[in-house]
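Below you'll find the structures, each written out as C-alpha cells.
Shared chain: subunit A. Partners: subunit B in the first complex, subunit C in the second.
Let's look at the complex of A and B:
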C-alpha cells in the first residue's frame, strides 16, 4: 500500500497546479460561510454584551446610533456635545449616578477618552501595571494600545491634531502613561483614558503657560485689566503637564459649560432607570436618552440580514464550485482511463487502482477541509476585530 | 522453462468471436514473432497467455505451472511477478519520471519491495538500453524510441521468464524499431527468457529465432465471427 500511495502522490505532485486551484476554490467556498457566520455571531455577542451592560446613554440630540457607537465603542465622527453641567442636572434627578465621556480626540488611531474615576469601577477595569490617573496630563492606556504601540508605564503619548490646518492653536498634548489596564476584550483595550479635565486641555479650553507676574515677563504683557492679563504671542505655552508647570494650568470660564460627548447614567434601580428614561423622554428636548441595547440590536439586525444574503450568495457559488469540482474529477478519471487499463494489464489489483484514482479526490477534499478548519480557527481569533472595525467605522 | 499451449478455445460473447488454437510450444531463451492479419486473434492469444483472459478450454502452461488452474487473482500475481509486458503505445504513466516508470511494476507487485538493490538493477537495465542519462527525466521529455525502451526496462525488471510484446515497434521509426527490438531480443536471449512478439512488420522478422503464422496455430476452421 505504501508504494501505491507513493504513486498516487506522484500523480498529485505532477498535477499540483490543477489540484491547488481546485483545493483553493473548495476551501474558499467552504470556509467563507463558516467564517462569516462565526464572525457575525461573535461580533453580535460582544456588541450586545457591551450594550446590555450600558442600557442607557445620554447625549445631545442627533443620531441615536452615533451616540450609542460613540459612548459604547468610542467611535463617532460627530462632535456634538453636552455641557458638563448635565452631569449635575442628571444626578439632581436622584435616579442615577453619572459618568461623563469625552471621546473627541485621538492618539494615532486610538480614542482618548476623558472620563471620571467612576468609569473604571463601572466597567470593572483592572490595572495591570501602574496606578490610576491622579493629575492633569496623565493617562491610563488599554492593553491593546500598550501592546500595539509598545507602551508601558513611564512612556508618553501625544495627541493627534484633528486637522493639519488647525490654526486655532490647539496644540498636541504630551501625556505621560501612568497605568496600563489588564485586557478586558472590549473597546476599553483600545482606548487611552484621561481625566475629563485633561480632555478639555487637549481641546484648548484649559492651558498652562509661563508665569506672567514676574519681571522677566514684563516685555510680553500688552495690557492688564484687573486680574486679566493680555500678553503677546511670545508667551510660551506648555504642551506637557509636569510637576513643575502643573500649577500654571487653568481653565478660563466656567467649567460647567465645558463640553462632554455623552453621559453614562447608572440608575440606582430598575425603577430609577424607568423613571429616568421617562423623565428625559418627556421633559427634555435639548438632550436625548437612548436605549443602546435596542439601537445595537437594530444595527445587528441589519448586519444579520446582510449576512444571510451573503451566505445565500456564497452557497450558490459553493454549489457551482461543487459541480465544477465534480466535473474536474470526472474528466480527470476519464483522462486516466488509459492509465487504469495499463495498470490492470500489468497486473495491478482493483484495490490498488481504486486507491490511485481516489487519492486525488480524497486529498483535495481532505486538504480543503483542513485548510478551511484552520482558516475558521484563525478567523475566530482575528476576524472579530476586523468585523468590529468594519461595523464601527 | 517453456511456454506450452494446447487445444485452446476462447470466445467473446459480445461479438461472437471464437478462437481455437491447436498447439504452441516455445523454449526458454527463444524469441518468437507471431504474425497474421488483423483480427486473426494475435492480441487475444497474448491476453490468454498473460492471464488477462481465461480460456474456455485447453491448457496454458508456463514453466510447468498450469495457468488455467489458477484463479483471477493468482493469474494477476503471476502476470506481475513472472511476466513482462510491452505494448504498442508504451503504456507509460506521464506523471512518473523514467525511474518510477521502470519501477512501476515492482511497486505494484505483492511481496516486492523497492530496495536500493532493485533500483540499482533497474538503473543497470536502463544503462544497457542507453537510458542512464534520462533516469530522472519526465516521460514526456523522451522520444518515442526512448519511451519504448523504458517500457522494455519495466518489463524486464522483475526478471520475468516470459516477455510478451504487442506490436512493440508499431509507433517507432525504422531506425528505432530495429534498435529497440535488437536490444530486447539480446537481453531476453542472454537471460534465457521467452520473448513472444506480435508484429505486422515483416522487415523485423529475420531478427527472431522463429516466426509463427497465426493461421498455423488455428484449428482448420480459423477464427469465427
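Let's look at the complex of A and C:
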C-alpha cells in the first residue's frame, strides 16, 4: 500500500499546478456561499440587536432609515436637526427619559458623538481606563478608536474640519481623552463620546475667548456702546478647553435652541412606550418618531433578498465549476490510460491502480473541503471586522 | 489575532454566564436603591427636599461650609458625584453658572424656579460683547436669590415636590402631606417678613450685597446695594460712599454679623444695622429657624 501511495503522491507533486488551480476553484465556490451567509447573518444579528435595544428614536422629519442608521450606528450624513428643547418636551410627557445625540462631526473616520452621561448607563458601557466625561472639551473614546489610533488617557484628539475649503467655518477643537471604553463589540467601539455641549462648541455655537473687559484687550476693542463692547477679529478664541480657560466658555443665545441630531427615548414601561408613540404619531408633525427595529428589519429584508440572489448566482457558478472539475478528472483519467497499462504490466493489481487514480480526485476534494471549512471558521470570527476594515480603508 | 479570538470567546462565555445567572433583580439595581441620593445647590433647596422626602434619602449639598454656593465651582470629583445623583435641584435664574460647562443628564436636572421665570429680576449693567458673525451677546442676566421672596420659595418647594413625586411615585402621598405643611410654614414666613418690614419705610435701606433684590421687591423695601464683606474692614472710599447717602435714618442690612470694628464705625456714623441671612449655605435643618431669626431681628427694628 505504501508503494501505491508513494506513486500517487509523486503524481500529485508532478501535476501540482493543475491540481492547485482545481483545488482553489472548488474551495472558492464552496466557501463563498457560506461566507456570504455567515457575514450577512452576523451583520443582521448585530444590526437587529442594536435596534432591539433601541426600539424607538426621535428626529426631524425625513428619511426614517437615515434617522435609524444615524442614531444607532452614528452613520448618517444628514444635517437635519431638532432643537435641544425637545429633550425637556419629551421628558415633560412623563412617558420616557431622553438621551440626546449629536453625531455631525468626526475625528478622521470616527464619529464624535455628543450625548449625556445617561447614554453610557443605557448602553451598559464600561470604562476600561480613565473616568467619564465631566466638563466641556473632554472625550471618552471607544476601544476600536483607542487601538486603531493608538490613543490612551491623557492624549488628545482634534476634530476634522467639515470642508477644507471652508476657511471661515468651524475651527477644529482639541479635546483631551479622559477615558477609554472597554470593547462592547458594537458601533460604540468606533465612536468618540463628548458632552452634548462640546458638540455645540465644535459647531461654533459656544466658545471661549480672552477677557474683553480689561486693559489687556484694549487693542482688540473697536468701540463701546453702552454695555456692549464691539471687538475686532483679532480676539483670541480658544481651540482647546483647559481648566484655566473653562470659565471663559459660553454659549450664544438660549441653549434650548441648539441643535441635536436625534433623541433616544427610554420609556418608563411598555405602556409608556405605546403612549409615547401615539403622542408623537398623532400630535406632532414637526418631529418624527421611528420604530427603529422595524426599519432595520425592513433594511435587512432587502439585504437578505440580495444575499439570496448572490447565493443563487454563486450556486450556478458552483455547478459549472463542478462540471469543469468532472471534465478535468475525466480527461485526466483518459490521459493516464498509458500509465494504467504500464502499471498493470509491472504487476500492479486492479485495486492498486484504482486507488492511484482515485487519489487525485479524493485529494483535491478533501483539501478543498478542509480549506473551505477553515476559511468559513475564519469568516465567522473575523469576517465582520475584516469587512469593516476593508470598507473603512 | 489569537488574543482577539480568545477575547471574543471569553466575552461570549461571560455574557452567557451572566444571562444564565440573571434573575429579576440584578445587584446593581438593588444597590442603586440604597445608594440613591439627591443633590441640592443651596441650603433652602436642601431643606425643602429633605422635609419633603424624609430621611430615607440623603439630600447632599456639595458646596463646602463657609463657601457661597452662588460662587462655588465644582471640581472633577464633584461633577462625577453629581452624575451619580438621582436628582440635582437647581435654583434657576443663572444661579449655578457652571451648569453649561459640565456634563450632566437633562433628566437629573430640576430648575426649581422656572415656573416663575417671568418674575426673575433682570440685572442691569451687564456687559455684552460682539465679535465675529454671531453678533452681540451678554454673559449673565438675573438676580438669583429667589428664595428670599417667600412666595417664590413656595414655587420652588412645589417644583421640588413635583420632581420627587415623579422620581419616587410610591412616596407621592407622603410628599403631598409634607408639602402642605412646608407651604404653611413658608406662608407664615411670608407674613412674618411682610409684618416685620412694614415699619422699615422710615429708613434708607442699604444692603451689604446685591442679593436682596427679590426680598426688596416682595416686601417693598427698596435700597442701595453695596459690595461689603462683614469680616473685611471697608476702605475709606467705601466709608465715604456710605456717608454720602443722605437720609435721616439709615438701616444697613448685612448677610452675616459684621466685625466689631465695622459695628463701632457704623455706630459713630449713626447707622443702624440688622443681619438678614439668606442662609444659602448652613447646616441642614436650620434654614427655617434662620429665617425666623431674620424676621425677629427685623421686627426688633420697630
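Rule of thumb we're sticking to: the second predicted complex is superposed on the first by the 375 of 393 C-alpha atoms of A that agree within 3 Å, B and C clash if a C-alpha of one lies under 4 Å from a C-alpha of the other, contacts with A are read in each partner's own complex, and residues count from 1 in each chain.
Keep in mind that, in the parts below, a contact is a pair of C-beta atoms (placed from the backbone, for glycine too) under 8 Å apart; a residue touches a chain by one contact, two chains touch by 3 or more.
Being a predicted model, the structure only gives us computed values, none of them experimental.
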item	value
Contacts of A:10 with subunit B and subunit C, given as first, second, both or neither	first
Partner chain(s) touched by A:195 [first = subunit B, second = subunit C, both, neither]	second
Partner chain in contact with A:209 - subunit B first, subunit C second, else both or neither	second
More subunit A residues in contact - subunit B or subunit C	C
Which superposed partner A:347 touches (first subunit B, second subunit C, both, neither)	first
Partner chain in contact with A:97 - subunit B first, subunit C second, else both or neither	second
Subunit B versus subunit C as contact partner of A:158, first or second or both or neither	neither
Set of subunit A residues, in rising order, touched by both subunit B and subunit C	none
Parts of subunit A lying in touch with subunit B, wherever the complex brings them together	3-4, 6-7, 10-11, 13-15, 338-339, 341-349, 352
Touching residues (chain side subunit A, partner subunit C) in the complex	87-88, 91, 94, 97-100, 116-118, 131-136, 138, 183, 185, 195, 197, 204, 206, 209, 212-213, 227-233, 235, 246-247, 249-253, 255, 381-382, 385
Contact footprint of subunit A on subunit B as seen in their complex	50, 52, 73, 76-77, 79-81, 83, 85, 87, 91, 93-96, 100, 104-105, 107-109, 114
Residue ranges of subunit C touching subunit A (in the complex, touch as defined)	1, 4-5, 7-8, 11, 73, 76, 79-80, 83, 100-107, 125-132, 134-139, 166
